[in-house]
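Two complexes, one shared chain (subunit A), two partners (subunit B, subunit C).
And then the complex of A and B:
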């Protein structure tokens, strides 16, 4: 399977009369996009804000971050099973509005979302401070149940991203990248000397605001399965979760999965990247056993020598991580796991909720309990009072001057377990 | 800035007094630097100066631990140092123990910044890595130059009260305190490189060595549940509506203790969850799903259990440090035992 990504470099987003992309600037007709998102009967009103790198803006609570993309050629459309009809994606040509994102914000449940600071110390910890963001704030109709509310905001974000992506359909790309994965048989014949490597991606599937969707399927209802890496680049996997936002994968992360990118960088040279095994992180023990059994079985079936396993979340999923690692190592397949840590504010506590001697190669995204002071911002998009009760905040987090003292875990993407960032700990 | 006063602790060998035959050399203080102190002084390049050196034989120190520590400490104190450097001891075991003891005593008893240096397999490293910063060195004195180059800037930083970074950045032996820092490469790239090293049998260093886990053996079964007082304890965050004690939704710093005398059912009007780590909808609809008060009341009525304890204890397990959880459990356990509770049902989520 072969996919071409055409990157259109975006320097700015502005509101305008006509929605278009011109000379690296996205112009958005607010009314048109607002009308499109308001078609959902569960959404009472929609408003938009723009947040650019370096601006003194704080966005909270953040639900998802989505990169605008559009299929130019090849089967299917972006976000198959969600926005486009179900069809296998990952081939042909996809255009990307690089440097831009849609950020959905708004309160869904009591205390469950993330922060993006566009400048200051907090900005260093989130990759999204470097993007030109269109922030979409959706207010639900009164009395909307939380699961329906989550879905409405999730779809609104995807819809807005697809709308923006569509503006890049006929624009010349500034750079083109090509990614190709051969079939198993072709790969073995082509690279007989190279070690065969797969990527085991664990997806968060613990319920409301902890779910992930694959081709529209709620991943907690799926068995462990296999994807071509390029399917991820066309939105085969979509985020439905953001709680303890530091180590949850936004849709942006899935589209730009760094493990996939870095394995492709060595593909055909130092290793043979065979594919992606996606598995869930359900809460029931039987599900954990079944899913990790299948991860190990599929890794064996692919005939790989090694895998990288990435986790999503912490605590309960630590057990899934260790099960996957242990069972895959037991097949004689070498593993490296990517996780993050909850070592306490002083860094002195045990970092993971589970451990095994076979997990001898670990990459960490840092200690999420670390305290950080976020100075006041000129503008807050969303609900500042959420700071006291979001995961990672505590009573008194929000100071009278508008600054907040919180754990790193509130910052969207700060300790990402796909290895998206440089943050680590020792 | 004024020059910092440094004191150097070394053994009889590095003081050129002698080898094993002189290992019983008693503590001795000399003005200025001795032996490897010269290299330290040069590397300090005017920011600090070794004003005195304290020397002690390795056998004497280890065989007279308490007295030797006292003597050495008094000598160090007499120089009025701002900073103390012990060793480096490389792979010399007894020297390593002496350096670790001296540096940690200086830090604890004199309140003066102190560091040492050792090879990672030196028994002194394992014994003292949590007490003082131990800069990792090679396994023999051939590594002196590198050791001095690593120890001096770190010692100056420590003495200046600057923020100390992660072990990987600063070069000290990991001390169990996890410190965040920015790596040069992103995590995924480090993972790919680590996997390629692992696949080809080349050395690699894990970023998080697996800890030894506490495994708690379950208590023997309660002989007669129909006579037992049973308490409910949960990490599922069930609190009286409004979360009166503001228990955090993640990384809890406290637990709550609530009276359930006369309460037969938890309803959406009276109880909710403070937990931020799971779908709260079902717990908020009916908190008995996490904290089964209703069922235990029925069992109490039917005589299946003796009685339900008057108080329940609750916290959020979400992202809560194991050390905090342990501290909560110790207090809760003591109270439950003192209240005559026979058994506890622990519910999680």
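And then the complex of A and C:
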């Protein structure tokens, strides 16, 4: 399966009379986009703000971050089963508005939502401070149930991203990247000497606002399965979760998974990247056992020598992580796990809730319990009072001068377990 | 009493009674209130039995 990504480099977003992309600037007709998003009867009102790198802006609570993309050729459309009809994606040509994102905010959906600061010390902890962001502020109709609220905001974000992505359909790309995965047979014949490596991506599926969707399927209801890596780049996997902001994978992360990118960079040179095994993180012990059994079984079936495993979230998914690691190692396949740590504010406590001797190669995204101080900003997009109630915040987090003292876990993407940030440890 | 038995084993608990699921260890929202009460009573009885059983090593009461 082969996919071309045409990156259209975006320097700015502005509101305008006609929605278009011109000379690296996205112009948005807010009335048109607002009317589109307001079609959802569960959304009472929608408004838009633009947040650019370096501006003294704080966005909270942040639900999802989404990169605008559009299928130019090849089967299917972006976010299949969610926005586009169900069809296998990952081939042909996809254009990307690189440097831009849609950020969804508004009344808090679940307590585990995040903060993005566009400047100051907080901006250093989130990759999304480097993007030109269209913030979509969705307010739900009164009395809307939490799960319906989550769905409404999730779909509004995806719709807005698809709307922006569509503006890039006929624009010449500034750069083109090509990603190709051969069939198992072709790969073995082509690279007989190279070690075979697969990627096991664990998806957050604990339910109760902690869900991930694959081609529109709620992943907690699926068994562990296999994707071509390029399917991820076309939005086969979409975030529907409000798990802790620092280590949840936003839809932006799924589209730009750095494990996939780095494995492709070495593909055909140092290793043969065979594919992605996606598995879930359910709340029943039998599900955890079954799904990790399947991860190990599929890794064995692919005939790989090594596997990289990434986790999403923390706490009981630590058990899924260790089960995946232990069971894959037991097949004689080497593993490296990517996680983050909840080691207490002083970093002295045990980092994971579970452990095993076979987990002897570990990459960390940082300690989410670390306390940080965020100075006041000139402008807050969203609801500042959420600072006291989101995970990582506490009663008194929000100071009278508008500054915030919180644990690092409130910052969207701060300790990302795909390695999509700069924190780690040696 | 806990759902994720491997973690209980890792942290060294002596007597472990497996429960339903992480968000609802002693119930199940898919069932009726009467059925849930039945589950709760059985799990509690199992836990009380476990407490009064001598153990010499980590023991899971399935």
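We adopt the following convention: the second predicted complex is superposed on the first by the 422 of 426 C-alpha atoms of A that agree within 3 Å, B and C clash if a C-alpha of one lies under 4 Å from a C-alpha of the other, contacts with A are read in each partner's own complex, and residues count from 1 in each chain.
Convention: a residue touches a chain if its C-beta (ideal position, glycine included) is under 8 Å from a C-beta of that chain, and two chains touch if they have at least 3 such contacts.
Values in this document were obtained by computation on a predicted structure and should not be read as measured data.
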Assess the superposed three-chain arrangement around subunit A: do subunit B and subunit C clash, or do they fit?
-> clash
Counting only touches as set out at the top, which of subunit B and subunit C does A:296 meet: first, second, both, neither?
-> neither
Is A:102 contacted by the first partner subunit B, the second partner subunit C, both or neither?
-> neither
Touching A:421 in the superposition: subunit B (first), subunit C (second), both, neither?
-> first
When the two structures are overlaid on chain A, which partner does A:135 contact: first (subunit B), second (subunit C), both, or neither?
-> neither
State whether A:319 touches subunit B only (first), subunit C only (second), both chains, or neither.
-> second
Kindly classify A:283 by the partners it touches after superposition: subunit B alone (first), subunit C alone (second), both, or neither?
-> both
Between subunit B (first) and subunit C (second), which, if any, makes contact with A:227: first, second, both or neither?
-> neither
Based on the superposed arrangement, let me know which partner A:208 touches: subunit B (first), subunit C (second), both, or neither?
-> both
Stretch of subunit B hitting subunit C after superposition, from 92-100, 182-190 or 218-226, is 218-226
Name the residues of subunit A shared by its contacts with subunit B and its contacts with subunit C.
-> 206-208, 283, 316, 354-355
Of subunit A, residues touching subunit C in the complex | 206-208, 283-285, 288, 316, 318-319, 322-323, 353-355
How about subunit B: which of its residues touch subunit A in the complex?
-> 166-169, 174, 176-192, 194-196, 198-200, 204, 206-211, 213, 246, 248-251, 253, 276-281, 317-324, 349
Show which residues of subunit C lie in contact with subunit A when the two form their complex.
-> 3-7, 10, 18, 20-23
In the complex with subunit B, residue positions of subunit A that touch it = 109-112, 145-147, 195, 197, 206-210, 243-244, 258-259, 261-263, 265-266, 270-271, 283, 305-308, 314-316, 334-336, 338-339, 341-352, 354-357, 359-370, 389-395, 407-409, 416-426
